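The chains carry the letters A, B, C and D, assigned in the order they are written, with residues numbered from 1 in each.
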Amino acid sequence: MVKRIAVLTSGGDAPGMNAVIRAVVRKGIHHGFEVFGVQRGYEGVIQGDFHLMTDHSVGGIIQHGGTVLKTARSEAFKTEEGFAAALQQLKAHYIDYLVVIGGDGSMAGAAKLTEAGIATIVVPGTIDNDMAGTEYTIGFDTALNTVLEAVNKIRDTAASHERVAIVEVMGRSAGHIALMAGLACGAEAILLPEEPLDIGTVCERLIKSHSRGKLYSIILVAEGVAKGFDIAGEISAKTKFETHVTVLGYIQRGGNPTATDNIIASRMGAAAVDNILQDNVNQLIAWQQGQIVALPYDAAVKTKHGIDLSIYELAGILAR
Amino acid sequence: MVKRIAVLTSGGDAPGMNAVIRAVVRKGIHHGFEVFGVQRGYEGVIQGDFHLMTDHSVGGIIQHGGTVLKTARSEAFKTEEGFAAALQQLKAHYIDYLVVIGGDGSMAGAAKLTEAGIATIVVPGTIDNDMAGTEYTIGFDTALNTVLEAVNKIRDTAASHERVAIVEVMGRSAGHIALMAGLACGAEAILLPEEPLDIGTVCERLIKSHSRGKLYSIILVAEGVAKGFDIAGEISAKTKFETHVTVLGYIQRGGNPTATDNIIASRMGAAAVDNILQDNVNQLIAWQQGQIVALPYDAAVKTKHGIDLSIYELAGILAR
Amino acid sequence: MVKRIAVLTSGGDAPGMNAVIRAVVRKGIHHGFEVFGVQRGYEGVIQGDFHLMTDHSVGGIIQHGGTVLKTARSEAFKTEEGFAAALQQLKAHYIDYLVVIGGDGSMAGAAKLTEAGIATIVVPGTIDNDMAGTEYTIGFDTALNTVLEAVNKIRDTAASHERVAIVEVMGRSAGHIALMAGLACGAEAILLPEEPLDIGTVCERLIKSHSRGKLYSIILVAEGVAKGFDIAGEISAKTKFETHVTVLGYIQRGGNPTATDNIIASRMGAAAVDNILQDNVNQLIAWQQGQIVALPYDAAVKTKHGIDLSIYELAGILAR
Amino acid sequence: MVKRIAVLTSGGDAPGMNAVIRAVVRKGIHHGFEVFGVQRGYEGVIQGDFHLMTDHSVGGIIQHGGTVLKTARSEAFKTEEGFAAALQQLKAHYIDYLVVIGGDGSMAGAAKLTEAGIATIVVPGTIDNDMAGTEYTIGFDTALNTVLEAVNKIRDTAASHERVAIVEVMGRSAGHIALMAGLACGAEAILLPEEPLDIGTVCERLIKSHSRGKLYSIILVAEGVAKGFDIAGEISAKTKFETHVTVLGYIQRGGNPTATDNIIASRMGAAAVDNILQDNVNQLIAWQQGQIVALPYDAAVKTKHGIDLSIYELAGILAR
């Protein structure tokens, strides 16, 4: 009998998710599976919202952000009844393997299904790049480039008005987006949740740069640190420089995926099917040292993907 | 003796200002003037911050947002002493004509100088498109496209999560950006300061669309109406739909100018010099019915450039 | 009985066509019409490829380039049999009004149908902006911005290598794209089919600029003038400067529509329906002096939408 | 006495080169070096075109493509006299270390200087990603994204007209750009110099896809394989499908650098200085397995950075 794979996206959407879906569907069909798409993440599992996918149903989607399968954060799935219903639906639809595309919370859900006897694979998808076990999560590169383009626009006004521009970026409790975007755009300061916040030092640096002729500055603030508006207030008070604040918000979650995101997404989606073929399930498809590997969930959650402090230090040196 | 033109940018920066500066400088030199750039708007006039410009000094600037002359909102210029100092500097530097690039406030400053005997010309530059006397202000088109691109990204997430996305855009007390960007992106609702806000009607429309299968919506809110977050709160309360809010902020002010902005900016800068050649001064260079015209300040301020209500109505019909 | 509108896109695709389709469909339905979409232009008419459209069927299309109705250049429609078949299908489907979105060729087809008794309306859509009777054709603004962005990239390499970059742009036998994009990007020279080509003068200008310190140049060549590669050869031979050539090609036809294109497209689509409501048919919806007007085909074809030579002259002055 | 670093860019420009220059200058100064910029690559060395750089002289450059140091392919440097003059100038300016940013040819030049007693470091910069010894060269990611955006535009027209779009991309004799961009954009076929060209198979696939309802296709052709126009001719002849060709050309070399390029560029520039600090010279700064390493030139040139055939195979499966 033909084996069945179901695929869903869960948690926050991220550019590149469609490329994963396309890869799971087409490579799955290539190897003789039936592949079902589940709508709205675990919510759709509970409701039995499974649809047979064809090569055609994933045509013309790779260039778009978001997820054609839609996504949700399911509260029902966290309840006993909801979880039982999900299990029941997976069995009723004869699903042999479930591929979950999402972040830490989605992996926790997959791990719980695994304990209940469902073979699962997780593909890491979140713009925040904050998942345990993998150096890269799909969507991160697109988000970085969105921040970079936004900062390029903000720089025009900051330079024209000789102001300190404060840019608040996403990242939940992690500073990956702020750090890497800050390095990429040459920010004068980067405020991260991982490093003690010292506004005094930031202000000293701004004053010193200013005295050397740098008449405007860009400061990236990770949302996990503080509100951009609060930071701006403190900087204005201490330096007397004019500040202005931009909270980038949801534009960071969408947009056409970058080449890097679609490449890694396509390869990871394919790797999910390859691992299924080898019955190597209950694995996180992870990026480590430039390679795609598979990692059991329990091993993955034990690691932490922290920021690279040497890059933080470098950004400081280069902003001199 | 060679006649002298000074040029400055004032008020908020806007993409296309560099193209105006380039046009004033090069066309001015072409017709035998000496052209001086003034740094930081009226502030630079007061401080005598005049620099002789050459063809070369405006090379490689047309493609960049912001203003190479920098800009400021000068408080000093509004004082008697400041104004007197400005007058004195203009005379000391033998400036025959002053070209001011900016919005309503900048035009008021130019008109005051005119009364004091300085020949001035105003070129309309502000992203808000809210100046009296002209149907178009430089920077508006770039801002619209920035909003459009941002909404395209936000739509990905709104569609994936089936949410109502509220997008707060600039425009000060006018709704031009919200209205025209809303039409361009196909927003489900547009909230303008010019039209009475009726959240109830908006919510009814959202519920009706939802019942017909439209599972997400984009709502554009002009900053002159209300805070996006407040609107979102009311909509959530009334419809139970999930909402998310993005305040686009300063990204709307910067960015490489669009073709339309650089074309109109180049033509208006040239028109400023043409009017100077004919000694037709104390004029706003204005856009009317697809043509560039010159309009005395007092005639300009008597008109109002309101929004086109028929376009608002059309946007409503097309969002059905 | 409910009146029926059919809408099709014909000739080369242009960004903004989807916004026209959406406007015709939704405003048509709003006023009580049934609206049918025809696939592949006149080809689809011949084949009876009519589909009833709903509000929903034009959802989520406004942000995309191309045309969801697809387009073609129909050879069959130019034959007697083909034309007769088209007429017969329009009658068999009880089509009362046909809205044609396209360029000069498409308008000629509509005029011919009109002579045969079919009520038609044409909405001008082509990136070339070369239609008689209208100052603007939908898609032109997006194409200009695509050229501008491409030139911004090409400038990086031209400046780094101190070369003369030749950029060949579309426009068929007209120079609108080359002229307006050339003004917008600050090109050092613009070669148009409407103006006698004098490579010698161009070379003199390049040598003069070079001697004043301008170490690289951008030259825009309309495809109607000559091959970019031939121009480059002549310039290299005469000036000894290094040249490099880019033929922008089909990227100019696609891409997400700009705000201006979607705004004018939405308004023109609506105007088509408004004219139908007033039974004012056999009209080109045209852009004249910043307004949307309707113009009988025979009046339209008598006019010529040539380039504005004063803008060409201005571009020359500003490139000094 | 203060040690001196000189830095130059050589060969074709690539986005991210400015970030390398900025990193070498600022980190060099941070560690107490004097850093000189050399204009126009080896040509500038021969002419003694060295300029002392400051923190300030690399401000505001990271966001721009191209290279502020300009670049050239020096014929003089390949002659005995030129090479001797270069050596002499390096000594006359007391240059202790030379950092060369460029591709294979630039590395060969650096290696030759090393043999003559000059301490050099090479940072890999070329959009082609075809250098021995490193998995990544700066500029590649920006080029990929430029191709991706171009294909997104071209797809609009291909889909609207139901054509086969042939897109010729750069890469010299290597297929890296074609392969990775092809995977990222979901191309129906990718033609690489590394793999035997079989137009027959491509045509069969197109016909098969077409029969399953895929009415348009995108084919990426690496410039090292054949002319896009020749490929199009063969495909038209064999399949009778309409084709259209775009040769992307120089837009692939420019543009604002992506986040990835600026991040790797900043880190590699810093690594160059770190290796100089340890007197670990005559090294290529290379990217291997997600890490930055240093590799002696002779070791580097012995390796080959070929394409990953498993990715080529995957792209084929996913295009089904």
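We adopt the following convention: a contact is a pair of C-beta atoms (placed from the backbone, for glycine too) under 8 Å apart; a residue touches a chain by one contact, two chains touch by 3 or more.
Computed from a predicted model, the values in this text were never measured in an experiment.
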| item | value |
| --- | --- |
| Intersection of the contact lists for chain A and chain D | none |
| Shortest contact path, chain A to chain C, counted in steps | 2 |
| Copy-to-copy rotation for chain B and chain D - C-alpha atoms, rounded to a multiple of 5° | 180 |
| Proportion of interface numbers common to chain C and chain D (over half same, under half different) | same |
| Longest centre-to-centre distance from chain C, chain (CA-based) | A |
| Pair exhibiting more inter-chain C-beta contacts, A-B or B-C | B-C |
| Centre-of-Cα separation between chain D and chain B, whole angstrom | 39 |
| Centroid distance [mean C-alpha coordinates] between chain B and chain A, Å | 35 |
| Intercentroid distance (Cα basis), chain C paired with chain B, Å | 28 |
| Multi-chain contact sites of chain D, meaning residues that touch two or more partners | 152, 155, 159 |
| Interchain pairs in contact, sorted by label | A-B, A-D, B-C, C-D |
| Contacting residues of chain D [partner chain A, same complex] | 19, 22-23, 26-27, 29-30, 55-56, 59-60, 62-63, 135, 141, 144-145, 147-149, 152, 155, 159, 180-181, 183-186, 212-214, 256-260, 262-263, 266-267, 270, 288-291, 311, 314-315, 317-318, 320 |
| Touching residues on chain C, where the partner in the complex is chain D | 9, 12-13, 15, 40, 64-67, 70-72, 146, 150, 152-157, 159-162, 165, 244-251, 253-255 |
